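Two complexes, one shared chain (chain A), two partners (chain B, chain C).
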Partner chain A sequence: MLRYLVAQSGDEIFRRRALLKTIQRSGRLAFTLVEHAFDHAFGPRINPFYHLGALSFFFFWVVTASGIYLFIFFETSIEGAYRSVEYLTHEQWYLGSVARSLHRYASDAMVIVVLLHLAREFVLDRYRGVRWYAWITGVLLLWFLYASGIGGYWLVWDRLAQYIAVVTAEWFDWLPIFGEPMARNFLNNAAVSDRFFSLLSFLHIGIPLFLLLGMWIHILRISVAKTNPPRAIMIGTLLALTVLSALYPALSQGPADLDTVVSVVRPDWFYLALYPLIDVWSPGVAWGIAGGGTLLLMILPWLPRRREAAAAVVSLPNCNGCGRCFADCPYSAVIMLPRTDGLPYDSQASVNPDLCTACGICVGACPTATPFRRKTELIAGIDMPLLAIRTIREKTLTATTKLEGQDRVLVYGCQPGIDLTGLAQKGVGVLTLPCVAALTPSFIDFVITRHHADGVMLVGCAAGDCYHRLGVDWTEQRLAGQRDPYLRGRVPRERIATAWVAPSGAKRLTQALDAFRSRLRDMGPYQKGGSLPPPSASPSSNHGEVSDAAYRLG
Partner chain B sequence: MPLIAWDDRFSVGVTAVDHEHRELIGLVNETHERLKRPGADITVSNFLGEIYTRISAHFALEEKLMRASRYEHFSEHKADHEQLLDDIRDIMDDYEDRQVFDEERFAQRLATWFSDHFRTHDARLHHKLG
Partner chain C sequence: MLKKIMRYSGQGLFYGLFVSVIGYFSVAPAYVHFPADQALIKVSFSHAGQPLEECRVRTAEELEKLPPNMRVPVVCGRERSPVKFELELDGELLYRAELPPAGLSRDGASTVYQRFAVPAGRYRLRTRLNDSVRVPDFNYTQETDVTVVPGQVFVVDFNAHTGGFVFK
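Moving on to the complex of A and B:
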């Protein structure tokens, strides 16, 4: 019986996993199509789809700034609220109206961007395993975001606000928490008190503050979290919002009048979709949908859970506590602890397996992870049990021994990115790593200067959309001599190519590889003591965002 | 005779760094001895590879300390580190390409670099950290 149950639940998990994969795959396809179009329009570095989380932060600040301006003129009374908003909209059309519209449209944009962020992390499978924490805190933030928005609709005190007030009151009255029905406040004009309005304004400041606190908690476990999108995106977005605000200012839908029943309002579908349901069905059903939906989202990381590959392991005899792995880990999984083995060093690296995604970026940062060491002694200070530095060295040698010609290329690719299986051919070897930044630069040195191949190509996720967030940036900075470990200055940069491509960029990748090989043929075989490029010469274009080589010191 | 001799001037006053300076010099001398013995159990490649790695790691630690104390001569000091690593790699490549290992040249290069580096950069660092 027990065996039968186990077998059945195993079957069930298998089925669930298959269903999840199908949903994720089709979702990812949809995102890829849209992102591909945006890549074309803006280039991958400033594709807004790669900065959805950071964009949410940006919209929050736009809403805050415009909100502070509105607060100066807003009157917190039933009589004054509608009047003061009308004054801002019509009398002060140059600033007040723009501020109101910015406040409104940036909030709308934040909701849309947050929902896209949620969907995107889901289809990319970045919500399970060690990422459960960011997922759950993010789901809870939806409630704070929603509550902040409802408060904003309400304060305008137009007919939509009246509708929201009445329906919200009904909704909350269904819960047995208030001694007196809240709806009694909105029976008629005389029932609403100014004090209730002051309370609302207070809530409309307080809840967003809690939202901000929550956003901070949401990114706590992420190291070097990007809370600002690239400047071009910020400027472009703000400009677009301002133009929209000037052309189509946000307007009120007529003054609220509790003595009449609101019959026709135009609620925003993406914000207020639940409200007509509360009205038509019942508050209980709406609570069921909202609460049930939230619960479902919250347990999603365990339906089924994701098991990460074995976590990184520290080898104390090879670790002097230099802290480079700590500085580069995107998940704050590496911390520096006081020395435990009696060696006269201050600290040692330590891995928290609950946070490690086995991306290997720490190994790519370790100064002892060089292929130049003796095979039997090649244990890095920090290493991946499933793809140890020793194995990478062996695989590098295996992949290169059978290559022939003067245009031999070894491609180091990343596992979450574009599929590289079709790339291997005569003269091209392929080695896939968990992340392109899991490779220490000395491997590039090794392959080129030891004549294992004529050139090295690094293939990673689209720039700005690294699956492990920091892998592409770290790689570019290491090659450019801006981040440790540097690629040695005398390694000829013209023999290195980088291609940061989205899964849709197969054609572009093949073209880049062909062009690179043709350049290698022109160069002829590598000879030592050739060119001495300046250490800052980057093999690919230098981007402004890449220059942030700030170090976390442990 | 050891390839490089320890000198008290090499101390920068930080236990971990001094420990590694001693270890490095020890490693250079000891491996060199093993290399010269008849029927040596290691090869020149291994010897150089190991020294290269240990020096890389040592520099990484020193650079962390310098960054943490906002050492004003960081970039010069770092450039000197990168320079030596580049030189060692060149010597390694020379050996691989031509199977010649000029011990004298290697010892000379290391000894000069060590004493120069200690005298200028590490001594300045000593003032800063000590």
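Moving on to the complex of A and C:
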């Protein structure tokens, strides 16, 4: 019986996984198509789809700044609320109207990027495992976001505000928690007082402050969280929203009058899409959608649960407490503790397995993870149980042994990125790592200066969209000598190519590889000290934003 | 150069598309919440029914047994009567309810909030309310002729302190 139940639950989990993968695959395809188009226009560095979370922070600040300006002129009274907003819109059209419109449109933009951010993290499977915390806090933030936005519409006290006030009250009255129906507060004009607007103003400031607090909690477990999008997108979106505000200003929909019923409204559908359902179906159904949807999203990380690979392990005899793994871990899974083994170092690394995704970036940061070590057994200060540094060395040697010709290339790829199986051919070896930043630069040195291959190509996720968040950035900085562990100066930079490509970039990657091999053929075999990089291929330019796709796709 | 122009044009296109979506869906399409030719009757009040049991005067013996600070001569039960309410429009029953008192001890007010869309026009409105289980019939009744215009909100409220039903 027990065996039967276990088998049944196993089947169920298998079915769920299959369904989940189908949904994610479809979603990923849709996102890939759109992002591909955006890549062409923006380039991957500033593709807005790779900065959705940071964009939501940016829009929050735009809403805050415009809101502060509006609040200076806003009157917290029944008559004054509408009048002051009308004054801002029509009398102060040059600034007040733009500020009002920016306030509305930026909050709408925030809803769009937040929902896209949620959907994208889901289809890319970046919400389960150790990322459950960011996912759940993010889902809860949706309520604060909507409460902030909808509360703002009340303040205008126009016909739309009246509609929202009455329907919201009726919606909440469905919950059996109020002694007296909230909707009684909006029976007619006599039922509303000026104090109501003081309360609303207080709520419209308080709830966004809680939203901000929640946004901070949301990124608490992420190291080096990106809360500012690239400057180009900030300027672009702000400019576009300002132009929209000037050309198509937000307007009120006539003063509220509770003695008459609102017939036709023009809702802001980004915030109020649920409201007609309250009318058409019932408040209970609307609560079912909102509450049930939230609950479903919250338990999603466990439907089914993601099992991470074995966490990184610290080898104390090999750890000198340098802290590079601590600095580079994208998930704050590594912390530094006081030394416990008596070795003459101040600190030692320690891994929290609950936060570790086994990306291996810590190993790539460890100066002891070098393939050149011969006197002692190759064990890094921090290592991955499933792909130890010793194994990477062995696989490197295996992959390069069979390579022939003068254009031998060893490609190091990352597992969550583009599929590299089609790349392996005569003269090209492929080795896939959990993340491209799991590779210490000394491996590149090892492969080239020991003549295991004529060149090394690093292939990672699209720049700005690294699955493990910081892998591409750290790799670039290590190659450019800006981040420990550095790539040694003796390694000829022209024999290294990096390609940060999205899954849709297979063709471009093949072209880049062919071009790279062609250049290697022209260079001839590596000779110690005899193959200096050309001026244009200095580390800074070679690994910066270059247009030569033979060296770098981005 | 051409590539740059194409790139910036593409960015402009996407920014334009982004703000167009925002601009459009922030006010459109319009939604018809309520038919323009109808009026709305809202029935809403909050009224505490009479105590379920009559208050009782304690006997001298009972008072003697109590501590001096608790010797209240009259004792009343906490629970209140449910409030029965009926609304008739032109002689036809539109709404009938027995509204329970709120609270765990059922000692709070009975409340109601209902709305009814009706075609604009003239109606004979009759409201009846009973707030005591000890009264067999309705102890508050009011009738009135009312003319409602399209879009008007007509409120039926109740306040025992001002004599009963309030039509606004």
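Throughout what follows, the second predicted complex is superposed on the first by the 528 of 554 C-alpha atoms of A that agree within 3 Å, B and C clash if a C-alpha of one lies under 4 Å from a C-alpha of the other, contacts with A are read in each partner's own complex, and residues count from 1 in each chain.
We take it that contacts are C-beta pairs under 8 Å (C-beta built on N, C-alpha and C of every residue); 3 or more make two chains touch, one makes a residue touch a chain.
None of these values were measured; they are calculated from a predicted model.
Engineer: Kindly classify A:W216 by the partners it touches after superposition: chain B alone (first), chain C alone (second), both, or neither?
Structural biologist: Neither partner.
Engineer: Report for A:A109: first if it touches chain B alone, second if chain C alone, otherwise both or neither.
Structural biologist: In the superposed model, A:A109 contacts chain C only, not chain B.
Engineer: Counting residues of chain A in contact, which comes out ahead: chain B or chain C?
Structural biologist: Chain A has more residues touched by C than by the other partner.
Engineer: Using the superposition on chain A described above, determine whether A:W302 touches chain B (first), chain C (second), both, or neither.
Structural biologist: neither
Engineer: What is the contact status of A:W93 with respect to chain B (first) and chain C (second): first, second, both, or neither?
Structural biologist: neither
Engineer: Is A:Y345 touching the first partner chain B, the second partner chain C, both, or neither of them?
Structural biologist: The answer is first: A:Y345 touches chain B but not chain C.
Engineer: Touch test for A:G236: chain B only (first), chain C only (second), both, or neither?
Structural biologist: In the superposition, A:G236 contacts chain C only.
Engineer: Indicate the residue numbers of chain A shared between its chain B interface and its chain C interface, in ascending order.
Structural biologist: On chain A, the chain B and chain C contacts do not overlap at all.
Engineer: Considering only the defined contacts, which chain A positions touch chain C in the complex?
Structural biologist: 38, 40-43, 48, 104-105, 108-109, 112, 163, 170, 173, 179-181, 183-184, 187-188, 190, 236-237, 239-241, 243-244, 248, 250, 258-270, 276, 279
Engineer: What part of chain B is in contact with chain A in the complex they form?
Structural biologist: Of all residues in chain B, those touching chain A are 15-16, 19-20, 42, 45-46, 48-50, 52-53, 56-61, 63-64, 67-68, 82, 85-86, 89-90, 92-94, 96-97.
Engineer: Inside the complex, what are the residues of chain A that reach chain B?
Structural biologist: The touching residues are 318, 320-324, 343-346, 367-368, 370, 372-374, 377, 381, 445, 449-450, 481, 484-486, 488-490, 528-529, 535, 551, 553.
Engineer: What does chain C use to touch chain A in their complex?
Structural biologist: 7, 10-11, 13-16, 18-19, 21-23, 25-36, 39-40, 42, 44, 46, 102-103, 108-109, 111-113, 151-153, 155, 157, 168
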